[in-house]
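In what comes next, subunit A is part of two complexes: it sits with subunit B in the first one and with subunit C in the second one.
Moving on, here comes the complex of A and B:
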């Protein structure tokens, strides 16, 4: 191994550890007792590891929070996948000046941050009475936010499917919709699945819209529920980290299991 | 008489580009038609317009007497073989073959019977459960053909189906497609840029250029009596030689603009002094001794040997190619050729290049 490679490897390890340190600290803190958290100097491994998973789960009614998170993420993913696939297909097949404008507008939407969009969204949702169904409101807002990303990713996948396949399908007796559903969607399956997983994971961690639109505690997702640990005088850091660990671990597992597909899905089209 | 496919005054535009101009064709049932021309001539666009994949700008298309101009591809009952074969990668060979039948919700027995028959015709029996990616180029080609045949359509459309195969396989598949056509007697429209493919396979050849039909007819008619210089140069290999010349005073011979101003007889009569373009096919220039009429003596520049024939390039301006069916000596410096008067073609020298005289 050359010196250059060793240096690069060392650098990579340093950056990875900086990136992953918060994650490590989350798990470590979750296992520490309340005295261990404020010990100085801080210990990097708990003396008496303890995990209060069941206790935290029950005390904060995490089942309900996670159910709301799943509902919001699932609803968002469903809307985005159904609408975004059709949209991405059209944008991949029609090429003219107007479609370029549309694509540009779609990309612009992605640039706008949630915290900027929430005020006008809140006002308009209030006017049409959507705030009475706060989780639906969050799903719609989040779907609108995620659609551009999905469209851009899936459009690249559709672009890779040769046009002749869909033309062959048309000649073989399909309608346009039939050719889309029976040929294009199965062939773009990987891209659509990976993008959907990505949208799901992102929506699972959505905070700004839920925080602003859902005031009733029973309807809030896990991200918002995390706030209930913050008391006016003291904070249960160990509880916060246990809660966070419960919340994040499934996401991490999904991501690790699918990371090969996700990475190839994200780079497909870009490397062609 | 109703034709299987009839095209009436078809025009098509891509924004300001006029890609198909006044196309008129009548294809009787069972005919094998080749659309041939240089790339960008509109032959593929014409085929795709017949298929319904492109919309017609103006004009009408009839299939079996019924107008289909604005109709969707699936309402036209045509089958198409694509250049890239366009096999569905997520389906096995069997599923690929039966896709159209399954869409029509044919009963299972009908489908099974059809698969059996078609896989026998195309020699795919062993490969029915493979995926397209596991097949060789020739096998994919067969699947694409089988997928077209199984539907028993009113006509077949081929879009350069052989251009992705290597040379030996191409010649083989050429014969296969031809045999298949004889057996099924199905109307076929075949797009190719290869004039040899067109000449050997088709009953009727349509030569296109710049979105226009330059000439259509039986292969040998196009070879013997090209209506203009473009068709004359496109059909035949090596290509026809064109030499500027002037009609002599007698009106039955031309004086070439070559050193020595040789004179060649032709059959027919043209006004004396007319500036023409003389067309001579390389294979009509015979290096025979003892004939003094219509003889040219040409300095040799280069000899290409293919084994079966020699192509002699002359050191003249413009260069003349002579196809010698026998062998020539290594160090040949000068070649004497004669040409029968009936093989002399005359074309106008202007841009249109209209044929003035096609003897033969």
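Moving on, here comes the complex of A and C:
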């Protein structure tokens, strides 16, 4: 290995550490305990590492918050995957004026900001009584936000499945539905799976809709819980960082495991 | 065995109707939960909507009153300028840092792809949690950023990032740039990987310097890609809400407020829903405009 490559590697490690420093700081702060954090100059290594996971978990009822987050993320992913896969498949197979219009409409829906859509969504949900089921309301709204992204990503996957395989299945006597479910979906399995994971992770951290539609504490997800924990006068930063660490560690683990697939899925879909 | 399915059912799962059904499922869903609210929003921006008329289906129309009311408020111009600043500075910083990192990781050294992928950890995290972490990093008295800046001798006094009106907007921008860098870097890396190596070889033989190669090959070849990250970046930056909620809540006294957060405040904190719809409407129109330009340019790119 040449000197140049070693220097480049060292530089790359420096860049990564600078970038990921906030994450490191989150974990270190969580380990410092409620008094250690007010040392100035701050220490970059916890002298008496302690973790208040159980205490923070119980005091802030994190189980309930995380359950609501899981419920919202799961419901959203289910709706998006079931509806989006079929649409993505058709958009990858047919190319005519109508499909161009549909694709264009889908792309336009993808860019609508949640914080701006929530005003009309809230009022119309209020009028049909959906706000009585706030978590369902959040799932329905979040699914509409995520569906276009899923369609764009999965369409890119279906484009790579050769048409011949589908035609062979049709000649073998499958119906269109049969060919879709038995041949196309299994062949596009990886793309669908990675896109679903992305949708799940994004919805697991959803905030705007939950904050605006769910007023009952017991039904709120972990983002809203974290926000009310931080409050204006909170000084329990070690607690806040412990909460944050408990919340994002599973996300980071999933990310590390699927890093390669997520990167390639994103790059193939985002630019087409 | 003869088929007993009716013609309609048969058409739905087998014939031409199959494609239409699949598309209409998603399209119908999007029409109900995205397109309809959009129109509803447009109507509300011309109505008087408050807590009393919220539940009514028929509300009094007030013409352009909401627009006039909101746009003549003293805070609307500063908030508009903040929005422009927020988008402009965020974009400039995240595209240039993202581009620099993409160029760096394009070189060959062990672990380059893996280390580059680690940056996406920032992108995958919930923005609200990112905001929470940054509000501790940026804290005035005990924040680690102030400590770093002071020990490097860059500032003498601590900067109160989250409460000093001169700095709050920049606090949110810093966190937003952190969130945006990975996305820019990955997309620009894809573009860089698409530039054929022999172009650089040929330029080298002609004696072009490193800088000349960058300005005559890399930049022109990356035009489409840069256009893409700038328009997508504009769209994503205008979607940013969670960081404002976690860091400054638009304060103090709107010093760090932007349109997308203000619109939410008008609707959900002041219950001036008609006014909130006005801001939301104007912003959505702008976002759609950017998206149309972007989509049309990529279509054009593919056609040629």
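Convention: the second predicted complex is superposed on the first by the 245 of 272 C-alpha atoms of A that agree within 3 Å, B and C clash if a C-alpha of one lies under 4 Å from a C-alpha of the other, contacts with A are read in each partner's own complex, and residues count from 1 in each chain.
As a working rule, contacts are C-beta pairs under 8 Å (C-beta built on N, C-alpha and C of every residue); 3 or more make two chains touch, one makes a residue touch a chain.
Values in this document were obtained by computation on a predicted structure and should not be read as measured data.
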Subunit C versus subunit B on the shared subunit A, clash or fit after superposition: fit
First, second, both or neither for A:172, with subunit B first and subunit C second: first
Which of subunit B and subunit C A:253 touches, first, second, both or neither: neither
Contacts of A:53 with subunit B and subunit C, given as first, second, both or neither: neither
Contact breadth on subunit A, by residue count: subunit C or subunit B: C
Which superposed partner A:20 touches (first subunit B, second subunit C, both, neither): second
Subunit B versus subunit C as contact partner of A:162, first or second or both or neither: first
First (subunit B), second (subunit C), both or neither touched by A:186: first
Superposition-derived angle with apex at the Cα centre of subunit A and sides reaching subunit B and subunit C, degrees in steps of 10: 90
Lowest C-alpha to C-alpha distance for subunit C against subunit B (Å): 7
Doubly contacted subunit A residues - partners subunit C and subunit B: 175-176
Residues of subunit B touching subunit A in the complex: 48, 51-53, 72-74, 78-80, 82-84, 86, 88-90, 99-100, 103-104, 147, 151
Touching residues on subunit C, where the partner in the complex is subunit A: 13-15, 18-19, 21-23, 25-27, 29-30, 32-38, 40-41, 44, 49, 54-55, 57, 101, 104-105, 107-112, 114-115, 117-122, 124-130, 132-137, 139, 141-142, 144, 147, 151, 178, 181, 186-187, 190, 225, 228, 232, 235, 238-239, 241-242, 245-246, 260-261, 263-264, 267-268, 273, 276-277, 279-280, 283-284, 287-288, 290-292, 295, 298
List of subunit A residues in touch with subunit C within their complex: 1, 5-6, 8-9, 11-13, 15-16, 19-20, 22-23, 25-26, 29, 37-38, 40-42, 79, 83-84, 86-87, 89-91, 93-94, 99, 102, 104-124, 126-127, 140-141, 143-145, 147-148, 151, 175-177, 180, 201, 204-208, 211-212, 223, 226-227, 230, 237, 240-241, 244, 247-248, 251-252, 255-256, 259-260, 262-263, 266-267, 270-272
Complex interface listing, subunit A residues touching subunit B: 162, 164-165, 167-176, 178, 183, 186-187
